[in-house]
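First chain A sits with chain B, and in the next complex the same chain sits with chain C.
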Partner chain A sequence: MNVPSFVAGMGIVSAIGSDLRTNLDSLCEKRAGIGTMHWLSSARHRALPVGEVKLSNAELAAITGLSARVPRTALLSCMAAKETLINAGWEKENTLRTGFISANTVGGMDKTENFFKLFSKNTAAGKLADVVHHECGSVTELVADFLGIQHFVSTVSTACSSSANSIFTGARMIRAGMLDYALVGGADALTKFTLNGFNTLMILDKELCKPFDENRQGLNLGEGAAYLLLSSEKGLKQLHKNPVACITGYANANDAFHQTASSPEGTGSFLAMKGAMDKAGLQAKDIDYINLHGTGTQNNDIAEGTAINILFDSGFPKMSSTKAYTGHTLGASGAVEAVFSVLTIQHGIIFPNLRLETPMKEFSFRPVTELLRNQRIQNVLSNSFGFGGNCSSLIFSAA
Partner chain B sequence: MKDYIISTGNISPQHSMDVDAFFNSRNETSNNFFNALEPDYAAFVDSKMIRRMSRIVKMGVAASTTCLRNAGVEIPAAILTATAYGCLEDSATFLRKMIEFDEQMLSPTAFIQSTHNTVGAQIALLLKCHHYNNTIVHRAFSFENALTESRLLLEEGISPVLVGAIDEITYDRHAILSRFGLYKRDSGNIAGEGAAFFLLSKQPGNNYQAVLKAVQSFYKADIVQEDISKFLTTHEMDAELPGLILHSETVYDKTKGKNYRVLKNAFPGIPEFAFKSLCGDFPTSSGFALWFASLLLKEQKAPVWMHGIKFPLKNIFIYQQDGLHHSFYLISSD
Partner chain C sequence: MVYEQPGSSDEFLNAAYAHFEISYPKFHKMDQLCKLGFLATEILLKGTGHSEKYGETETGLVLSNANSSLDVDLKYAKTIQTGASPALFVYTLPNIVIGEISIRWHFKGENAFFVFKQFDGNFIVKYVNGLFENKLIKNCICGWVDILKEDYRALLFLVETTDSENAMTFTAGNLNQLNQQEHG
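Coming up: the complex of A and B.
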């Protein structure tokens, strides 16, 4: 079987807005969401800028209907997943086979941090309610149960490429005729664990990040969640929806160079982009826009840029990183940027790469720095590269 | 749908790295946890690298290397790893230090190795394998979903696929899960761990282990008999019953369980074996069960400590249950 996967609906919560409309407006108005830490309580790193979702756990709980005591990642996930289903017109009563394939990197770590404060001194101490949802899969199930999806549930975790992989897992299952709908994407809340982890790697910018700038100093961490409802043709009929886009290409490759660093030649990035284009049957000239992984670290941007330089030397498409808006949302980033990529197709606009002053001297191409409207965009390539060499690229095409 | 299990590699509380030893002796424990019998890792990884690896990574690397060596395959076309808990030891190390040193003077090593894809990434790195690489982390569906994905990759012509289930017991995991009441003395439930890897292919090759015919999962409170009969009919097993049932019930409470009764009614008079008595309890323990089933089908004999199975043995049904997660497997000799 070879059934195409259509995008029937989308939902997102990020530092630049708690719904799809606000995210789009912020992107168009060049309104970034990175700033002073407000909800995360780091004892030592309060000065580091982060891209927080501007809602407390209590507020997220009130909006979604989940308990405020569940991990923040589950609250964010539920918020974006609900919007996606509403946006697609999917209802619980829909009898077709629906799967929920989510992604995250640290599960309920925010609660586990609380637990460990007491537990690390005395193993009989600490509230068990704080570790009951530690597992990545448990966070997914909190939301699956809330939404009433049980035909298929799964969770992917490949660091920063997690949700790109969950997206094409869903596309593959629809293609194989195993699902009619796949709610795909990912979520990650900021935690002290990840903030301190990235801090030890010395790749966090103390100022606002500048992806693809010659003077970039590192990344800013962000949080968020985003989902797409992928649908088969049969599923679309039941939703009475005209799709805005479909997934035509996806590929996953491994850089196999280092546990955290990318190879200077961008082997993994190259293979992922090339693989996705091959799968879609597209040439370099067919790609109208690249949503870059573009974290703002020295290492990522040179590796990704080098791969693009080779693959697109016949003519560079327009490109930008949107991480200067949202921060790097880790396990959610592939999905956040997949939503942005579909918005690009849907509205014919290309979002600027904020804060890019001095283009990288190694490359002749220049990411877009101003909002471009009235663009005819047929095919968009979205990149997600992560620790462990896990590199994935997705291609969305106008339906 | 037939996929061939070409080779396996398994590190478990049993002598699973040595087939003769496994057939001749059964390892037992008097504790409420069952640690894996770890091999000499120097046979698999450079000694400098071993020191930096946590147990879960070492087990994963050694089991996957064994699996590939047994098949004579250097580079698989895809690497999929399944883990419910991920790299717990490194996660806890980083978390403890972060709390103890008040977010200061932390080293990145434990953080770097704490991500759930570390095992899959290390395997790729050691093999210099640039191919497809994914990690599934969904509780007691982790391994089943990784198998489903592997089978779809094989359908797409990506072959052979290396797929494995890995979870480790750590001091913290054991302390926490014990507090949840998982290992109460009268439950017969003991904590387990292991790394079970499989090389799957659409082609039988010269010397395959077994045939993976079906894997199906159910996310719900209890299974009913209809689930089993539908599964068997779908996979053309209505005329004959499997020769052995491997199930995840514990030794002691099996007469009480509702799901166990469903299983007994569906397979009257068929020999059964509680596989967690060999590997302990963990969400990806179905990896051990699949390894065990493949071995029995290949060798066509029972270990000296296992009785009542008739040979030739053609089909094995595996039932894995953990909370709301139920899975059925059908494995055949050809």
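Coming up: the complex of A and C.
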């Protein structure tokens, strides 16, 4: 059985907005969401710019109905997942098989950090309730239970390509006839753990990040959550929905080069993009827009650019990185950018690559720096490349 | 006995590298766990014609230990106050040793790393047989690679589907027995 999977609805919360509409407006108005740390408390990294969701845990809990004591990743996940289901018209009473495949990389680390502060001074101190949702899967379970999704629940954690891989897993399960609906995407909250880790690797920009700029200094971390409800044709009928797009291509590759760096030749990126295009039966000329992984690190942008330079040498499509808006949302980034990619198809617009002043000298192509409207966009390639060489590309096409 | 060298774990690993005349500059960047797993694999596969015999995706790699990456975790933690070391940080996961072995031997097959209190032949046999039964691999390197400070130990097995000289049957009993012997 080989059935296509359609995008029936989307939802998102990020540094540039707490819902789909606000994200779209911010993208169109060039309103970035990265700035001074406000909700996370980190004395060590207070000066680093971050892309926080502009809501406290208490506010997120009040909006979603979850407890404010659960990990922030679960609160963000729940917020975007609920919007997706409402947007798609999916209700608990729907009897078709629904799966929830959610990605994250930090799990309940924010709560664990609170616990550890006390525990490290006194092993009898610290609330155990703060560590029960530590692992990534627990965050997914919390949200699945809250939403009432039971047929299939799974968590994907493959660094920065996590939620691209959860989308691709859901699409495959629908194609295989295993699910009628797949709520796919991911969430990650900003934590000290991730700030410390990326800081150790010396790839954080102390200023606002400049993806694909010759003078880029690194990435800014962000947080957020985004989901898509993928549906089979049968599922769409039950929702009485016209799909906004369909997912036609996906591939994952690994360049087995280094723990935290891509090969400079961009082998993994190349294989992922090429694999997704082959899967969709598309040629380079058929791709109208690339939503770049474009983190703003020296290594990512040169590797990704090199792969694009080879793959699209017959004519470069329009492209941009949206990470200068949201920061790098890690486990959520693949889904955040999948939502942005579908928005470009839906509205015929291409979002600018903010803060790009001096294009990289290695390449002749130039990312888009101004908002483009009235574009005819049939196929969009969305890249998510993670540590461990874990590279994934998705292709969304007009339905 | 193929090689013996008194001294610290650090001295042993570097001396073994020199003794077996291995030339792989990246070895010197590795943490102790990777060095240990790397060397054990070199010795295991030496002269077996492994690379000619199997395709890139046909080799499984299933390792286990008791101390995860704690040896390098402790070293990394010491650097945090003075300037966290990226060179140590990138080794603070146990499965990095699988990555290093895979890069050296161009393995692109199934792999997994498990942390147990002690060597568990039952689990390894069950897991590796599962990979064979599902036709995911044609051979497998599996076993134990563990290091914490001066306490280190690697016990690797090459599992193949064809019989060969000195081979023994891949059973939990045989693995556990060998583990006991090697300990004694």
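A few notes on this one:
One rule holds for everything that comes next: the second predicted complex is superposed on the first by the 396 of 399 C-alpha atoms of A that agree within 3 Å, B and C clash if a C-alpha of one lies under 4 Å from a C-alpha of the other, contacts with A are read in each partner's own complex, and residues count from 1 in each chain.
One rule holds for everything that comes next: a residue touches a chain if its C-beta (ideal position, glycine included) is under 8 Å from a C-beta of that chain, and two chains touch if they have at least 3 such contacts.
As the structure is a prediction and not an experimental result, all values here were calculated from the model.
In this overlay on chain A, chain B clashes with chain C. By the touch criterion defined above, A:Phe257 reaches both chain B and chain C.
In the superposed model, A:Ala43 lies in contact with chain B only, and not with chain C.
By the document's definition of touching, neither partner reaches A:Lys54: not chain B, not chain C. Look at A:Ser157: by the touch rule set out above, it reaches chain B but stays clear of chain C. By the touch criterion stated above, A:Gly197 is placed in contact with chain B and with chain C alike. By the touch criterion defined above, A:Leu271 lies against chain B but remains apart from chain C after alignment on the C-alpha atoms of chain A.
Touched residues of chain A, counted separately for chain B and chain C, are more numerous for B.
Once the two complexes are overlaid on the shared chain, A:Asn390 sits against chain B while remaining clear of chain C. In the superposition on chain A, A:His347 makes contact with neither chain B nor chain C.
The clash between chain B and chain C in the superposition falls on 1-9, which is one of the stretches 1-9, 235-243 or 271-279.
With the contact threshold set out at the top, residues 196-197, 199-201, 254, 256-260, 388 of chain A are in contact with chain B in one structure and with chain C in the other. Per the touch definition, chain B reaches chain A in the complex via residues 79, 84-86, 91-92, 94-96, 98-100, 102-104, 106-108, 111-118, 120-122, 124-125, 127-139, 141-142, 145, 148-149, 152, 155, 172, 175-176, 179-180, 217, 219-220, 324. Residues 196-197, 199-202, 254, 256-260, 388 of chain A are the ones that touch chain C when the two sit in their complex. For chain C in complex with chain A, the touching residues are 80, 84-86, 89-91, 93, 96, 99, 102-103, 108.
By the touch rule above, chain A contacts chain B in their complex via residues 42-45, 105, 112-113, 116-117, 119-120, 123-124, 128, 131-132, 135-138, 140-141, 144, 150-159, 165, 169, 172-173, 176, 178, 192-193, 196-197, 199-201, 252-260, 267-268, 271, 386-390.
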